[in-house]
Amino acid sequence: MAIRILVTGGTFDKEYDMINGKLDFEDTHVPEMLQLGRCTLDIEVRTLMMIDSLEMTDTERATIALNCKMAPEEHIVITHGTDTMPETAAYLAQENINKTIVLTGAMIPYKFGSSDGFFNLGAALAFAQTLPSGVYIAMNGRYYNWDNVRKNKKTGFFETLK
Amino acid sequence: MAIRILVTGGTFDKEYDMINGKLDFEDTHVPEMLQLGRCTLDIEVRTLMMIDSLEMTDTERATIALNCKMAPEEHIVITHGTDTMPETAAYLAQENINKTIVLTGAMIPYKFGSSDGFFNLGAALAFAQTLPSGVYIAMNGRYYNWDNVRKNKKTGFFETLK
Amino acid sequence: MAIRILVTGGTFDKEYDMINGKLDFEDTHVPEMLQLGRCTLDIEVRTLMMIDSLEMTDTERATIALNCKMAPEEHIVITHGTDTMPETAAYLAQENINKTIVLTGAMIPYKFGSSDGFFNLGAALAFAQTLPSGVYIAMNGRYYNWDNVRKNKKTGFFETLK
Amino acid sequence: MAIRILVTGGTFDKEYDMINGKLDFEDTHVPEMLQLGRCTLDIEVRTLMMIDSLEMTDTERATIALNCKMAPEEHIVITHGTDTMPETAAYLAQENINKTIVLTGAMIPYKFGSSDGFFNLGAALAFAQTLPSGVYIAMNGRYYNWDNVRKNKKTGFFETLK
């Protein structure tokens, strides 16, 4: 099954810049993670942007939506910062794209040795293969429908609204 | 959704014994992995055995089948060595258990820092939530039906028969 | 040989705070590192502060000097941020403490999986055992006398002045 | 200061072979470790053999001794399996080579994510720079003279004889 992964940045891909002592983006780690996971799916990875999800505006969301529509694949995984992941999911849902779209991310950067990102990527790819058309968030081993999810900013866990 | 994880050992859980310089089993790493993955699913973990899958006989397989049947959960993940994973999947399929059963494992031990196991566990849990009743293997980011899978012993990748 | 380790913070001990997405201090990782290094030296670890070395003032430096003097051990290792490590070394040298004092640190936090800190700690402990009384910096596998060292802010490597 | 590192194998450099499920040698990890440690010493790395130290015979020891003598450097670090490290140290001591020779190794392979090897390498390089001519073992954060050391096979720690 062909899957497209759209990379947008987020904690998932953050790195430590040793010269300025800050967290920063360089290249995405998704290809390295797919190799480590020994993934044999037919996957295309496209980096659309490398930003903190707090910087995500409708311009970026329109770019993501466009890429979801134009992709030849019917199954799409989007790596995204956790802070505004539900907002982007809602934006994409309103675009009525007839594909299975799964957003995922991480609370801890992949490069920091104890990240949830690798686990989340495995789950997101599995959900993208098995869920019907729609927009979902895959975090914490679960999937959430776009209209029934929020991030609990105190605990860092995602939860349903109802 | 309630999921039961049955632990049977395999490369997934192997550790390096520094005193004798060999690979060995101690406790399972599954609970630690669920925590690292920040998993909020309702999961029960049961260790049934801690063996190399080359040592797996019908006695062990009957134990696994029994535990699948008796578990209150309808969704089951089994961690298992890769060498005989398809044989155990076939055994379980013949038991006609009306549940979603997903076997997974790893080519590299979780403790060795570059394991596929964490990715596979995320995928297996996702498949266990979304696939219909049946017996499956989750490896390499994909799922395989029990009657259409083999491990390629030369490459270490799983592949379909047809 | 008895060695005292004085912990002051620095990149060495920084962690990723997943709730606010920033780098922060919690407890020191030095005891965990000594255990991982299977260290059998007679070591006392004391946390004096947990700060970025850019926040280090003479108040903090006086505290460090006092602790060097009062310690029953003749061999002292100080973990310290790299940015002002030479300044603290110079301050301690002017105190004329008749002990072997070795400052060390890291360019990448220990917790981030690819840190130089574990290597530096091994080297600093070795230098503390073998160098004569004086104040030194142990970084990059080498030791530097307090009056002949600076950090190259562009490369992140330490270098001699002459 | 110029240092030569002679690589002989040992647990230090063992890797997990995912196809046969055994521990094996490929290339040495010493250059990668020096880079991670951000080491700026003038170091030459030479791989002499890649063996378990239980396979070390006088033929191999003579090769190591020859390389110690012929090296232009006065300071030498040898990576070596722990089981017969004291025997090789004693062999080298009898050769009366007028250099500082430090043997080191690891109880857990470097590649396994929780190895003492990186810490030991930092310490061994520091001891090689500061100790007078002689043959030493650097393990557990300490150095041992060649004629006063044994490995405790039960605990895996090195200890003095008297």
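Each chain carries a letter (A, B, C and D) given by its place in the written order, and its residues are counted from 1.
Just so it is clear, a residue touches a chain if its C-beta (ideal position, glycine included) is under 8 Å from a C-beta of that chain, and two chains touch if they have at least 3 such contacts.
Just so you know, these numbers come straight off a predicted model, no measurement behind them.
K.L.:
If each hop has to land on a touching chain, what is the smallest number of hops from subunit A to subunit D?
P.N.:
Minimum number of steps from subunit A to subunit D: 2.
K.L.:
According to the touch definition, list the chains common to the neighbour sets of subunit C and subunit D.
P.N.:
none
K.L.:
Using C-alpha centroids, which chain lies at the maximum separation from subunit B?
P.N.:
Most distant chain from subunit B: C.
K.L.:
Taking the mean of the CA coordinates per chain, how far is subunit B from subunit C in Å?
P.N.:
45
K.L.:
Please work out the Cα centroid separation of subunit A and subunit C, and write it as a whole number of Å.
P.N.:
39
K.L.:
Would you mind pulling out the distance in Å between where the CA atoms of subunit A average out and where those of subunit B do?
P.N.:
Whole-Å distance between the two chain centres: 26.
K.L.:
Two-or-more-chain contact residues of subunit C, please, as numbers and ranges.
P.N.:
107, 114, 156
K.L.:
What is the shape of the graph in which nodes denote protein chains and edges denote touching chain pairs (line, ring, star, complete, other)?
P.N.:
ring
K.L.:
Of all residues in subunit A, which touch subunit B in the complex?
P.N.:
Of all residues in subunit A, those touching subunit B are 1, 33-34, 36-41, 107, 114-116, 118-127, 129-131, 138-143, 156-159.
K.L.:
Quick check on the complex: what are the subunit A residues that touch subunit C?
P.N.:
The touching residues are 11, 16, 18-19, 21-23, 52, 107-109, 111-114, 153-156.
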